[in-house]
Every structure is written in C-alpha cells, then in structure tokens.
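Next come two complexes, and both contain chain A; in the first it sits with chain B, in the second with chain C.
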Partner chain A sequence: MPSSNPAIDALVNREYAAGFVTDIDAETLPPGLDESVVRAISAKNQEPEWLTAWRLDALDRWRAMQPPRWAHVAFPDIDFQAISYYSAPKGERPKSLDDVDPALLRTYEKLGVPLHERARLAGVEAPQADTEGLASRGPAAPVAVDAVFDSVSIATTFKDELAKAGVVFCSISEAVREHPDLVRKYLGSVVPKPDNFYAALNSAVFSDGSFVYVPKHTRCPMEVATQFRINAENTGQFERTLIIADEGAYVSYLEGCTAPMRDENQLHAAVVELVALEDAEIKYSTVQNWYPGDEHGRGGIYNFVTKRGACLGARSKISWTQVETGSAITWKYPSVVLRGADSVGEFHSVALTHNRQQADTGTKMIHIGPRTKSTIVSKGISAGHSQNSYRGLVRINRGAAGARNHTQCDSLLIGDHCGAHTFPYIESNRPGAVIEHEATTSKVSDEQLFLCQQRGLDAEKAVAMIVNGFCKDVFRTLPMEFAVEAAQLLEVSLEGAVG
Partner chain B sequence: MTLLAVENLHVEVDGKPILNGLSLAVPAGQVHAVMGPNGSGKSTFANVLAGRPDYTVTAGSVAMDGEQLLDLAPEERARKGLFLAFQYPVEIPGVSNMEFLKAATDAQAKAAGQQAPSAVEFIGRARQAAADLRLSADFLKRGVNEGFSGGEKKRNEILQLLLLRPRLAILDETDSGLDIDALKVVAAGINAFRAAHNAVVLVTHYQRLLDHVVPDRIHVLAGGGIVRSGDKSLAHALEAKGYGWLDS
Partner chain C sequence: MAGSTAEATALARRLSERGEDAARYAPWFDRGRCREALAGNGLPRFHAEAWRHTNPRPWYAAALGANGGGADVRVQAPPGVDVATFDEPRAADLFARHSGDILDPAEHPLAAVNGLLLGAGVVVHAPAGLQAATPVRIDGLGAAFQHVLVVAQPGAALTVLETPSAFAHRVVECVVAAGARLTHLRRQDASGGCECSLVAATVAEGGRYELAQLSKGAALRRNDLVARIDGPNAGAHIRAAWRLDDGHLDNQVRISHAEGGGTSRQTYRGVAGGRSRAVLNGAIHIAPGADGSDASLTAKNLLTSATAQVFAKPALEINASDVKCAHGATVGALDEEAVLYLRSRGIGESDARDLLVRAFLAEAIVDEEGARSLGLSG
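Up next, the complex of A and B:
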C-alpha cells in the first residue's frame, strides 16, 4: 500500500542490486533429505569417517525435533523434502584463483567483492579519520576473502600472506582435511548438534563455509571475510563457520550475503561457532543483504541462523556486530557464552525491515565466569508493513560474581503500518549482579523531515540521514570500510519508506 | 526590486481559517518585522512560506524573485534560497551538526549547479561561524539540536543561516527564550547576514530584538491580515500601548 508521502515510497522501493542470476552449469542433488544425501555430501567433501558418522547422528536428532514456533514471525510450514541440499558449479574444485570460472569471478566483481589480491573494492576508498561526522577517505586496506557460492567455497584470497603469520584461513571442507585435530576438537563444541532444529539440520547437511585459526599471541594481519552467495534455484545454503582465536590472538572477521531475486522462498540455515581462548579477541561483523522478497512479500530468503561464541579463556572477548537489511524472515540470535573470568561479550545490531519482511533477532549473553561483562546495543528500524522484534536473554549463573550487563534497545518506526516489538528475558541467579536495560521507541517525525527538507534535502536523503544517525552507535563498531557499505545499504533498503 | 511578494494569502489549518488575505512586499536589502499578538497567525505565515505540510492555502500567491512558490516542495523552496529559522528546532539524534550542515550545503550547491565546498574548506567555515556565535568547538560534533539548551537551539538556527547564505531568511520567534547576552549574539549574527542582495523577515512578539536588529519596516498582523505598517517607531508605540491599542 502506498504511503502518504510519495518521496518515502520511492525511497523504499528501489531495486535489489544483487538480484541477478549467474548462468553456470551446476551439479545439484535432487530435492529431499535422507541418509544417502548426507553420505553424498560427505563423500563430495572427501570427509573422514568420523565426520560422516557425526553428520548421520545429527540427522537422527533432527528427525526427532520440531521447528521452533515461538518466534514472532509467520510463514507456511517448510517442506524439507522439497529442498535440494547441495548445489555446486560443475567440474573440479579450483586449486587457485587462476582456475576459477570467469563467470564466477564476474559474479563477485559485480557484487563489489573482486576476488583478486588487491585492495578490496578497488578504486573505492575506505574512510579514515572522522572530522565531526564528515568522513574523509584514504586507501582501502586489503581484506582476505573466502567466496562461498551455493554449497561450496570457490576461492580464498591472501592465503599465503596469512599463512606467513601462521593464520589458517580456508574453507571448512579443506580444514577438515588439513587441520582435522582442530576441527574435531571444536566443531559442535559451541553449538551442539541438537541445540535447535536448524542447527541440527545444518550439522547433518552443511556443505562448506569458512575456517579461521589464529595462533597464540598473533594479531591477524588483515581483515578476513566470507562472501556468501546463493545462486541455484530451489536450493538451501547450509554453511558452517568455525573461528578459533588461540591465547592472546586477535582477528576481525566480516561476512556478507546476497542472493538472486526469486518468487520462491529459499532457506539459509547456517551455524557459526567462535572460540576465544585466554586473552583472545574475536570481532565478527555481518552485513546481511539476502534477497528480502518483493513489496507483496513474494520470495526472499528464510535466514534461520545459529551464531554463538564461547569466551573460554580468562579476559577473552567476543563482539558481534550485525547489520541486517535483507531476508524475508530473519531468525538469529548471535550469542556469547562467557565462561572465562573477566571475559567480555558484545552485541551490536541494526535490523531493518521493510515491505513484508519479518525479523526476530537479538542475542543471548550467558554469564558463567566471575566478573564477566556484556553489552547489548540493538537498533530496530521498521518500515512498510514489516514486523521487527528484538529478543534477548541475559542469564547470570550462580558462579558469575560481579557480572554486569547493559542493554540498550531502541526501535524506530517509519510510517504507520509496521510493528516493533521487544522481548527481553533476564534471569539472574547471582545476587549483586548488575543488569541494566534501557529501551526506547520513536518515529521518524514529520518535524524532523520538514527540518531536513527546509534545509534543501529531499525526503529520501532526510530519512536515510535520520536512520543513519539512529544507528550511529552500532556503525561505530564496524570496520571503517564496512561501515560505509552498511550506511549505503541502509539507504538503498529504505527506498520508498517515507510515508 | 521586490524579493518577496505575498498577495491576498488565505490559509487554513484543519479547516479553520488563520490567514485571511495577507499581503506583504519585501524588497531586496531590507529587514521587515512582522509583529502581532499571540494567535494572530505569525507562525502560520512563516511556516506556510516554507511549505510546511498541514497548512492549506485556499487563495492568494507567494512569489520570490518573481517566481511562484506555492506549488514547490519545501526542499525546492529551500534550494531557491528560502530559509526558515524554526521557533522550536527539532532534534535529530546521532546526526552531527557538521554532517547535517554539509549535507544541506551540498544539496543546495548541487541544485544551483555549483561545486560543493570541500570538507576541509567547509569545516573551516563552520568553525568560524560557530566561534562568531560564541558556540564551543564541540558544538559542531553534537547531534543536531540533541540536548541543546533553548538558547543553543536558537543560535544553531543562526549558524545554519550564516552557512547556507539564503536569499530570504524568515526568522520565526528567534528571539524568544534568549537571555540578553544570547540575544545580542543572535542579533549580531543577523546583522552580519544582512546585505543588499538578500532580505529578512523577522517574526516576533516583542520589540526587544528590534533594538538590536533595526528593521526597515514593521507590519502588525492581526485577525489574519496586516492591519498596520510603519517604520521602526511603530514597535515602540506597540511596546508602550500594547496590541490592544490597534483596536481603538
């Protein structure tokens, strides 16, 4: 339904730029899920017996589970036998960048993530020091990229350079072969197979994903990133990411996601596990731009994702930053289990929903160790007929003496047809723990719009600016280059939202 | 040359007539004050010139430099050089004053087919203007009007006036809520802005701003129209005798 302000409508209804399809010969398993499919995926990845058994166990557990129904989202039941669980470009897996199909290289080029070992976004410059909010720009720093296309990783850049620092960055299928001890030790250690319905499904059928290991007392010399791309029709993407920061290590990891525009819904059920040992720090940033469906709610990705980090060591730190603008439905709660004494968990989120999008997203902070600290900053923006929910759990266990949490949860409404909801859960078993929760709900007001317009800005630019201001606390935590991308994405996603 | 020409303007808000045939002409290079009792339609007049939604023009015309304004969107009027200093400036949290000012400057430069100033150049300009208005250095970094005192908000409007350099400035009760020191700073800002090629419409309830910004003409608005016009001595007569004097 059009809103009263045509400028706002125009703003929210811009085209989804990543909606193209790459024409490539693919090898796709027929729809359906049973033991033979799991074995076939395992065989394609040349996996050892223990992993095949692990997957089959997950399949058994999954069969006994029901999809979660508690989220504030509505969609018809998914027919899990109608989905294909594996699709990959035909032929040998490329051994190096030179072997990669040019059509695939062009796909990533088009997405703004060229797969060569020059600076990411060549020609575009990353912003540097901020002067009173005015971004000035300098040369972009290189970023190592793992490109995952449908079910497989097709290329990983800067591997050699990272290897010099002792950092392992590769696809998880390669890690299973090259670093079996690490994978076996940590896979499923943070998100156990039966954790939830979609995690169990992922454990059975995950096909690829990224693996990062940063050795003791090593600062990863560059940002590492994975670009997920769904291309094939009627196919789910089930990737698995495992990041391990050993004692005193530091890594900043970025994740981007896009998919073609299609009238059917597609399932994306990923699992991400982070492990931080003593004094280690992992910074995980996501810009999620899966196809959101059209203005009538046709098509779009079901983004049902389990992300969790374990602060195992003392003084370790894990921070999640997510900018969620895509997907028809988002169901994800990047969480931190704060086991090590004095460990720190952070969650910074911008979730924007528009048209008929639905998001139920938030975090869990589980305080186990003494003096553990967590911070939650959630910014939800609802436009069109969308529904946007924050759901967050803060649990303080008995042993978490001196634990602290601060939650800031803000909602911004654009127009009169959308909804914003907040579901905070607080469980404290430790007297003396400090838990603070602040929440606000506001609207982009006609007064704000008029002020901007009176100064010469059009309504679209004005809304984008107001929303960006609302998100500033979260964007500040993104790596510079990503922050610019996120702000632009927000602007595109809001097209037509004024009204 | 007439910069602003308002003829027979009729305006309704929620179906209720507020302005009933207001006419006013402001030549370039002049400052005109529009005074009047509360509820006389002063703010309606200021806002309708800027194109605020919710005000319905039922008759009349408004032209700036001979060009009709009433069919233009608020941002188009702004880009043609119309500026409104708000009576109650609204907050835009998280958007820094500097960012906001630069975006506005760039949008207006673009519309005029001019090159936008570089960030460095603009920052220098903005800092100078802030200093002239005795605003502290961190003022430009703060969110637009976010947590500003009443006086700071009004000075911020003048800061925008000085940076955007419009052709026509309409100041809606910019003097209200200012202490005498702030009033002098604001008046100095307005006087610095005055030039042969622009014009100012001061909408005010009180005469005190007019001691510092001396108007070329004063118009008294009552019952939805201009009931009397005169030179600056009219303000003193109003101050001494009150608006009731006009009815006698």
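Up next, the complex of A and C:
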C-alpha cells in the first residue's frame, strides 16, 4: 500500500526475518508420489512392517480422495507429483547435540531458538516489544526443544532431564523404535487415516515430528517445544505429532515454524493428535510464522493442517492456542472431541492476514460426554488484500447432557480491500445443552487513530497498540515466551497496513 | 450433482421431456434459462453445503407426481392494486418490465425446476404512491409450481399475506422501488407434504422490505430467501418464528448489501419439539465498497425434546471495512426456574411452559392472527 510516510515505507520494505536459506548438503527424494516413495521413507526411518503397511493403506485411501474445496480460499490445483516428499541433511543422523552440523545449529540460533540446554526465552533474545505485565509471570524457565529440519528431527534438548521425570520427548521416528506399543495404540486414533485428503496424504508420507508421553500423575517439569523449519526447495513438510497425557498428567507444548522466502509455494500438511486420559491436561500453543508470500501474493507456504485432540478421560482438558501470522494459505481447524464426562475443550486464536494471504481457520468442538464444556475465542484481523475466515463447528450429541459452549468471534478490518468472514456451524441434539455464539465485525476507526496520534504515537504504533488490545484475551492464554513473540510478530506483520 | 438419486434422475428426465408441453402456460416465460441452469449444475443432493441437513429426495418424488395444470387462482386485492395472472396479456409486459436479476436459476435449482414446470403465476402491482388499505391475500394459486411477482412502485405501501396453501414449489419475487414499503406476511401450517419456496427481494434507495414468517413443520419444508439492498437507506427486516411439534423445516436466508448505507435486521425464534428438525442458515454478505452498511442477525432456539434437532449456521461475509455487522445464535432449553416461578403462582405446568414459549417467540411475531397460527392464543 503506498504511504506518504517514509518511515512507514521503510518498515514495509523490511524483509520476513526468517526468510534465509541454509546452505547444506541434503539428501532429497526425487519429486513424485507412489508406493516406492512411501517404502523409501519408511525404510529411512527403519520402521517396522506394520507401519509400512499402515502408510501404504493410507496412500491407497488418499488416491481415492479429492482435495476439499469448501474453504473460502482460492489457489491453483496442486500437482502432487511435482513435490518431493523427503529431504534431510546428508550424513548420519546426529546421536547427540555435539554431533549436529554447526550450520544447522547456526540456523536455529538465527531463528532465536538456540539448541543448547540453558534457560532461555524462546524468540526473545533481544526483547523490544512491550513486555510489561508479562514480566510478573516469573523468571524464564527452560524449554525442551525438538528441532525438525525439512523431513527429519535433528536434535532434541533436555531429553535426559525429562526422562528423570518419566516424560518421553523425542522425534516420532525414534518413538516408533523405542515405544512401539504407545505409538501403535494411539497413532491414527484421533485423526484416522481417511479423515480428510491432507490427513491421508500425511499418513502415507509423514517423515518426522514430535512425540510426547507424560506418565500418570506427572506434571511435565518444563515446557516442551518443536521448532519446524522448511529449508529445501521444491519439497513439502509432512510432520506428525503425537502427545499423550496419561491419567492426571499435565503438559504444555509449544510449536513454532518458519521457512525461506521463495517465489514458489510449498506445501505443509501436518497431523497433530492429542490424547488426554482421566484428569489429564494438555495445553498446545502455536505461533505460526511460515513465509506468507510477498505483497503480490507470490510464494508462501500452503499450510493445510489437521489438528485434533481427544479428551478420552473424565475431567480431562485440552486447550489450543494459536497465533497465525504466516502462510500464503491457511486451512486449519484444531479440534477437541469431548468424550470423557466433564471434560473441557478450549480454542483461543488470533489469525492475522495481510497482503494477499488467505486464511480459513477455526475449530470443532464435538460434545459426546455429559457436562462437557467448550470455549472458543477467535480474533481475526484482515489487512491489505487478504481474506480471513473463521469456520467452526459446535456439535452437541445426544448423550451430552448439560453440555455447554460459548463462542466469541471478532473480526477487525484494516483497509478497504480485505475480507473478513464467519461461518459457524451449530448443531444440537440434546435438550438442556446450551450453545451461545456471537460475532462482531469492526474496523480500526479514524477516531481511535486520531486519539492515539494526538498523544504522540505514529499511525503504525497506534494500529499495533489497538490490534494488541483486540487480541489480549488470546495472548493472555499463551506461555510468556510465546506471548512476547506473538505481540512482536503481529507488529511486524502489520507493517504497511496503514499509511 | 445430477443423477445422484433415482428420483433426481427421473425428475431430470421428465424435465427434459416436458419441453413444449409445459410451455403452453405463459409461453413468454423464459424457460431456456431454467433448462440451461439445470443442464449445467444439475439437481442438488443431500449433504451438499446448501442441503447439509435436508434431504431433497422426498421433494423430487413429490415433484414427479405433482399435478401441473388447472390454475384456480384465489387472490384478493384492495382497490388500486393491479393483479394479473400470467395468462393475461398484460402480465407478460409487467413481468418483462419488473422481474429483476436477483433470481438466478443457476443458484437456485429448485426454482429452475419451478420455471420448467410452471403452472400458475400472478403479478401484483402497486402503482407509485399507492397506500393500500388492506393486505393482498394470496390464498391459493392452484397449480403445483407457482410464481408470484410483487412490485411496489416508488412511494407505494403494500402488505402481502400468503395464507397456508399447498404447492410443490412457489417463487415469490419482490421488487421494492425507491421509498416504497412492502410488508410480506407468510403463514405455513403443519403439513404432511413437501413444500419448497424461494423469496427473492430487491430493495432500492429508501425502500423497506419486511418479512414476517411463521411456520409449522412439514414432511419437508424449505424456505429460501435472498434479499439485496440496492441503495442507501434501504432496509430489509426479516422476522421468522417456528414452532415444530414434528416434521422438518429448513430456512435458508441470505441478505446481501450490494450498496452501502443500507440496514438489515434478521430475528429468528424457533422451538423444536417432538421428532422435529429445524435448520437455519442466515448469511449476511457485504459487497466490496458497500460502506456504511449496518447488518445484524439474532437466532434463538429452544430444544424441547430429546428427539428433536437444531442446526444453525449464521454467517458473515464482509468485504468492506466501514460497516457495523454482528450476529448471535443460541440453542438452549426453557429456564426451569422461570417455570417454577410461574407454577408457584398457581399456573399449571403445561400452561407455564406455553406462556414461556409464547414470550420466547413474541419477538419474532408481529400480529395476533400470526400468533394464533402458531397455536399461541389467549
């Protein structure tokens, strides 16, 4: 958007900070998808036979499926035979942090996620954002990180310390080898292979991702995180994450993602499954900062992700918090299946789109057990020529006596060329259950801007402040490290939105 | 989409065979457009987005058996309002001048079927400035497939009342000119039949379209409504209430603000009991540049039986920034404390519940006769 203010112009032209490419020798499978590719991926991960068969079955099912077309997004058909389904840095997989290629360590250092086992604040090596109010949450705590680079996990920190508490935190390929019973029991139990087109694709070709198991009555001693990085050209990333919280366990999991700036679109189709048993709680937070493409809509990641949690046990709780600022196209509905009596599902989301980005995101809350409760708070911000949609489903099944849902969806529009849409689906089969949904649409008004500017804030800062206030309800639910990062990201993502 | 069920295939075949035969009634009516639309898109099938919770199969079967001809038109109009059936020569002229572009058979396949099987039609025309003293009553149009065109010329004020009558499909096209006011009352009784209808309204600058619709369930009842705000200070106010003891009701509403400065209000109140199923899709669409639009929707549902179902989808599609748009939807049950409060004052339980249901629905009901039609007298 043209601006009369040179300071704003300078900001607009600032680059996507994570847009660099790491020059590293990679071993990449040639583009295309057939049985041999699936077998090759399975062989590289040294998988048992059952998993290879599981993948091949998924491939068969995927072939019979059509990509979903109902989302409020537009993009040319993807040529799935033009994508390479596996790329990994060359050489032996590192056994410990000391074996990791220094170029890779530098990459994560540059992304603000250094892979060493010291207490740190993820993403806030040089905090500039307004951290007031966040500081009161206490000193920085260590975070265990699994670093996934293209198709493989290259390092996982604090593994030993977590193991002392009985917590398993490793890459999913390692979990298949070390904890086959757990993986076999729960893989695909929340998101079945034929759940949808992209989930089926992922089930066939997933290469790495994180695995967390928190044993009974254990509170995971630190936050666990996965940092996803797409580096190689012409590849897709298809990670699979599985988190199991056994009876009475608690875990907080963070997820971050970045990719280089390229003119071509790259596909990211992940599956995340969460399982919470009796009295367990899983808190899952995402700051999604995939490359969003340039101001003309060239390049960027297609983020087509299936995330779902199952509250299997009574009084279990799953809460999703997402801050979506990146990706050219987002198609993502983190959901909770509330099976256990008195279980609780939460979804807190900030989705910001700018330039030509398109997002169709929301959640599904499926109430099956009695007295299950869900809360949905969604904040959508559209700027530039972007399209931002909330799409959500709240379903109360016949057995969900006394179920309760509250949904609040707010949209904020910045500029005249963007769109903000809300598509909530409400389905009730149970008298006595209560569902409430409300949605509003507003804009950053001239009066608000004038008031801020009168008090000496420039337009850009004023918008950032107003947007931050708009998102506060969601940021409050993020762990401190992510809250700071999220606030900074929004500020950067909105550059050039006014002027 | 076509041919997904045996009934749809049979209906499609019958439609293609009809050709000249059906075109004997009102030969000037543009059936080519309907045929093209059906050839292109086919008939909708169950679970397609607009038919997510309503299976159109029973309607196809009913439409196949529906009787095409024999128009017995029962329409009463106050002085000054011109009523012309489609077989009168001036109807063709009025139709050509006023039937608008809002009714796109490609978007509404059942209306395309209606066009091909059309057996009765009437134009209701209120000239400029006319203040009609009493409502135009549409008590019946005879044939199974019907088309009504209502025109309120600039400054005219008119009320149209559709009383319960049987049909397979009825299209009601409403053209509200600048500064005109059209009040549209619809009553739909409990029925064992399959009845679908489409209301398509356009409202010009300063005009106002008001719909008050009261429905009971049918084996299959589907009401589509599309309304377009075409100028500043134009308004569309939709009120719909339903009380289902049984049967199926599907209301699909889309209000689009094509021009800025208009207002739309949608108020829905529904009670679903017995083995009924109530569906509501209520969309607000703001076109790019339609700044200054003010749109809202509230939908409240009561579910009073363990075998009833409610599906609601209020949608917002906003493409302009300077707008005021909001929607809210709830599904719940009668407040047991309120029931207890009334009972403690000597009111029997069923009367207490009836009173509360009546109060709940009241916001969407505009007249006493309407309230009676939903069984809410006294």
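For the reader, a short list of remarks on this structure follows.
Keep in mind that, in the parts below, the second predicted complex is superposed on the first by the 465 of 499 C-alpha atoms of A that agree within 3 Å, B and C clash if a C-alpha of one lies under 4 Å from a C-alpha of the other, contacts with A are read in each partner's own complex, and residues count from 1 in each chain.
Convention: contacts are C-beta pairs under 8 Å (C-beta built on N, C-alpha and C of every residue); 3 or more make two chains touch, one makes a residue touch a chain.
Since this is a predicted model, take the numbers as computed values, not measurements.
Of the two partner chains, neither chain B nor chain C is touched by A:79. Once the two complexes are overlaid on the shared chain, A:451 sits against chain B while remaining clear of chain C.
By the touch criterion stated above, A:427 is placed in contact with chain C alone, chain B being left untouched. Judged by the touch definition given at the top, the superposed model places A:437 against chain C, while chain B stays out of reach. In the superposed model, A:468 makes contact with chain B only, not with chain C.
Touch counts on chain A: comparing chain C and chain B, the chain ahead is C. After overlaying the two complexes on the shared chain, residue contacts for A:181 are found with neither chain B nor chain C.
Contacts of A:25 after superposition on the shared chain: neither chain B nor chain C is touched.
The contact sets of chain A with chain B and with chain C never meet.
Interface of chain A with chain B (complex): residues 131-134, 136, 445-448, 450-459, 461, 465-466, 468-473. Those residues of chain B that touch chain A in the complex are listed here as 50-54, 73-75, 77-79, 83-84, 86, 89-100, 102-104, 107-108, 111, 119, 122-123, 140-141, 143-144, 160, 164.
Taken together, the chain C residues at the contact with chain A in this complex read 49, 288-289, 291, 301, 303-306, 308-333.
Across the interface of their complex, chain C is touched by residues 70, 396, 398, 411, 413-443 of chain A.
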